[in-house]
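Input: a single structure, listed below in structure tokens.
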Amino acid sequence: MTKDVVLDHVSIRFGSYTAVDNAHLSIQGGEFFSFLGPSGCGKTTLLRCISGFVQPTEGRVLIGGQDMRNVGPNKRPTALIFQNLALFPLLSVAENIAFPLEVRGVSRKNRRRRADELLEMIALPGTGDKKVHELSGGQRQRVAIARALAADPDILLLDEPLSALDLKLRQHMRTELRAIQQRVGLTFIYITHDQGEALTMSDRVAVMNAGVIEQVGDPKTIYNRPRTPFVASFVGETNRIPGEVVSQHGTTVTLSTPVGPLAGQSGGGRDHAPGAACQLFIRPEQLVVAGDGASPNRFAADCTAEEFEGSVQTLHLKAAGLPLRLCRMNAGNVAVAGPGAGALTLSFDPEAAIVLPYGTEADAAA
Amino acid sequence: MTALRRIFSEMTSRHGLGVALFVAGAVLFWVLVLVVLPQIAMLDYSFRHNLPRAELGGPRDAHTLANYRYFLFGNGAGFNTLDMGVLLKTLAAAVFVTLLDILICYPIAFILAHSASGVGLRLMVIGLIVPFWINEILRAFAFRVLFGATGVINGIGQALGFWSTPVDFVRADVALYAGLAYAYVLLMVFSIYNAVETLDRNQIEAARDMGASWWRVHWRVVLPIAKPGIASGATMVFMLTAGALAAPQILGGPSNLWFTQLIYQWFNDAGDWQRGSAYATILLVVCLVFVFLMMRVFRVSIAAIGR
Amino acid sequence: MNRTAGGGLFSLGYALLFFAFLFGPLIIMVITAFNSSSFPRVVPWECFTTEWFGVLIANQRLMWGLWTSLWIGIAVVALSVPLGLAGALALADLGPSWRAGLYAVLITPILIPGVVIGISTIVLWGAIARVFGAGYDSVIFNGIFLTLLGQVSFIASYTMLIFISRLQRFDSTLTEAALDLGATPGQAFRKVLLPFLKPAIGSAAFIAFLASFENYNTTVFTILSGNTFTTALASKVRLGTDPSLSALAVIIIALTLIGAMVKEADTRRRERLRTGRMARAGVYASPLVRLVAHPAAVFILLGALAGLAIWQGGRHDASACRAEILREKQETQQRLLREQQERMRQFQQQSPAVAPAPGNNPSPFGGAFNPNSLAPPAPAAPPAGANPSPFGGAFAPKSLAPKP
């Protein structure tokens, strides 16, 4: 069984401080939905609001179509995996997992059986009698998931569950989490400040900044079609070139910039009046060193440094005083450019660049 | 009131109705029945006459300042210098004992926090605590054994020929001050220790590297950190010393009364509870005012007490 | 380098001095328990004896007080632990401004002098008893009941401090996790918070019992005409001392030390179990060492040692030695008397009207036996109204008694 979650114009204030500002979105049943945002932007607060520990100052939370206003955390069909896991240190692993069953009065024997099943599922059979502190970080992680699943929730809420793990384990757990989600078919609401995590696992992502949800969409849209400068610069690496609007034809906007006239797509399909101050975002991997052919958006730049990471090569460039980065796959042949290689000609596809006005608010959030 | 209700409902949603009721009931009982009401009763009593039972509630049972007047002026004209002197002496002695304890305990707290480690630290902590599991009366008794006219120190002193007639340490109050200082050492050590422990060792070393002298490091680096601990310990030691009864009774010299002993006499020897209450109120108020003044002067808050 | 070494030496020296100050009086007191001299002292050493333990146990009042103290202690624990817990929980859930206020209120009982607490308690309940027309011997106005209330009012503050420091280490997300997993708030409290507080409950109970057992200042008022162990002890110390009190100290110190060692063995064992070092640490690999280091084994071993000491002590007979000492003393006394008379004769020849022999002076300690060789000189002639003896009358100076 899955239930959808609706945030109906939810605002959460602590005194005069607004932690969540007018969040309005709906999450479908069975979806893997992520909230992505920098530290302190209100992600945890929003999650605690869904699970019932914080009441919205304004607006409503609906789960399965039901208003959750006076429903306590223990009555909601949600299970939260805390940022610090919150496993009970005095209980054994099996007792931790069986806790939701214990408080419901399930008999000791059935509790133990279910705990063993779940341990099997998270690939930790036979660890039921260990104490929590005898497990490794990744194992604890999985125990926390098993404990949440034992509560038989419709919606699983995960608060940066992987942030404490090392890189390898984190990558492993990502696939594992996704696999678990597909196997049990629950709604997962996942919080992270790691964009890689959000993009790889989620069906949809909401990007938050300072309490405001700036954009909701599937990972590709978020990455390729950011609707606000914040989304453009927070998700993935990007180059920013300021400019002034010259003209707009359909969604294609032409700017005059310090490096010359450049064209890109208007982010969020906005219309820009000529002369308006705007900025153009272009991803490092979309910049190419141009050959002699007639490519659009050509401009000159100097290479100041080169980073070689094996499969990827990064060039640090400077064009009309603007720092830029260019990324490309290592083709195995001799480097075309390096520091002191003189002026290069760069270009990019106008389809890949996004033009956004300054200071766009969450007007694109809905 | 609404704030209280909100707190109560928060508590209910956090720990359940049973726990919230228990907490509210218990705290109310504690604060009202055990702390506030008795103090009010004592205060009220201190403004009454000592009447025989039959006259209670009668016309003569009215409020009066007589008990406080007695403290100030005694029976006749002129000031009651005897009782006021006892109070002043008690306060001065309590201050002296407190200072003594600070002096004794600061180094040991520092050593505990920054020089000792491992087994040594464990042993020292146990060695600090164990003597204080032993009855307060017995500890005072130990000092009497030590300092009495036929006590150990006189015995040894005379046997070794340092002096020929016993020195009266009791009359000189040496025994009393030593005993009181001893009695509250533990409180002081742990108060200071808790504060000093938070100091980063590197800070001391950094100061030393910069060439600061040993004294300077303590004065400029350690002492500011230790201050809340010292204040908390000093408050407790002062209050306990000023309010001590057993040690002055056991170790006090004959011509030397502690203010609590006066109170005790009004109650137990004279049977005048009203005047005793008045004297107890005076002790309480004077001590609290003194402590709050000191806290003001040294800029520490009551929240630091008991940490 | 030099400075560190100097500091280290200073630290060591100071620590040694400090602990000598802490333990010196106790050690000396312990030694006096075994000297047959009827005033507790170390020099001159008379005979090794264990009779003071017998004297102690024969003291009816003390033993009866012990019994009362035990009951009061248990009741105080039963009341002050829940009260302290309630206070700590209330503080944990309040906002900052309320918390500061309530903390100040709940911590003041520690600061209020014990005598004030005792007095205010009996005054309040005396008034209540009068209102209800209950006599001065009813349940309301009963020494044990009042002592209980008086002691709980400030011992609950001690237990509260213990709970506060434990609660500060509590991760409140654990309670939230329990709620989130479907537990009712009550269940979360019982199954998560309470088990976490269990060690604090133990130490709070211990501290509460100790504080109750030790308390004098409050109890001496609230117990009314009765006696607890401590008040009985105090009145004994005030009225005259003999080494049976040292004997008591020996017993208490022995119990304390045994307790401390068992506790230490227990904490170490727990720590090893927790860190899983038990198997790895070389010493503990040996099953014998592991057995001996077990707290129960430590307890049994120390208990057996104490038992042996008691048995041995019980068989010791110091009467022969005592008789010898007595004879010596009488001889000295006679000799002194003769010398005295000699001096008196010479003295009277110079000034015929002079005070009685100094040997007849009342001893400062209420007639405890004092050999003449060490008898203190008569106290200087007291000023009018002051007390003739350093201790005997200090507690009821006539000059201060209210005039009728």
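We just call them A, B and C in the order they show up, numbering each chain from 1.
Simple rule for what comes next: a residue touches a chain if its C-beta (ideal position, glycine included) is under 8 Å from a C-beta of that chain, and two chains touch if they have at least 3 such contacts.
The structure presented is a predicted model; accordingly, all values stated were derived computationally and were not measured.
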item: Per Cα centroids, the chain farthest from chain A; value: C
item: Distance-to-centre winner among chains (Cα means, whole assembly as reference); value: B
item: Geometric centre distance via CA averages, chain B-chain A, whole Å; value: 59
item: Chain centre separation (chain B, chain C; CA means) in Å; value: 17
item: For chain A paired with chain C, centre-to-centre distance based on mean C-alpha positions, whole Å; value: 64
item: Residues within chain B bordering two or more other chains; value: 13
item: Set of chain A residues in contact with two or more other chains; value: 72
item: Sites on chain C at which at least two other chains make contact; value: 184-185, 187
item: Chain C partner contacts - residues on chain A that touch it in the complex; value: 51-53, 72-74, 78-80, 82, 84, 86-88, 90, 99-100, 102-104, 134, 147-148, 150-151
item: In the complex with chain B, residue positions of chain C that touch it; value: 3, 7-8, 11, 14-15, 18-19, 21-26, 28-29, 32, 39-44, 82-83, 85-87, 89-90, 93-95, 98, 100, 102-117, 119-124, 126-127, 130, 149, 152-153, 156-157, 161, 175, 184-189, 193, 210, 213-214, 216-217, 220-221, 230, 233-234, 237-238, 241, 245-246, 248-249, 252-253, 256-257, 259-260, 264, 364-365, 370, 374-377, 379, 382, 386-387, 389-391, 393-397, 399-403
item: Residue ranges of chain B touching chain C (in the complex, touch as defined); value: 3, 7, 10-19, 22-27, 29-31, 33-35, 37-42, 45, 56, 75, 82, 104, 107-108, 111, 115-116, 122, 124, 126-131, 133-146, 148-152, 155-156, 158-159, 165-166, 168, 170-171, 182, 185, 208, 214, 235-236, 239-240, 242-246, 249-250, 252-255, 257, 260-267, 269-270, 272-273, 275-277, 280-281, 283-284, 287-288, 291, 301-303, 305-306
item: Complex contacts: residues of chain C adjacent to chain A; value: 171, 173-174, 176-185, 187, 191-192, 195-196, 276
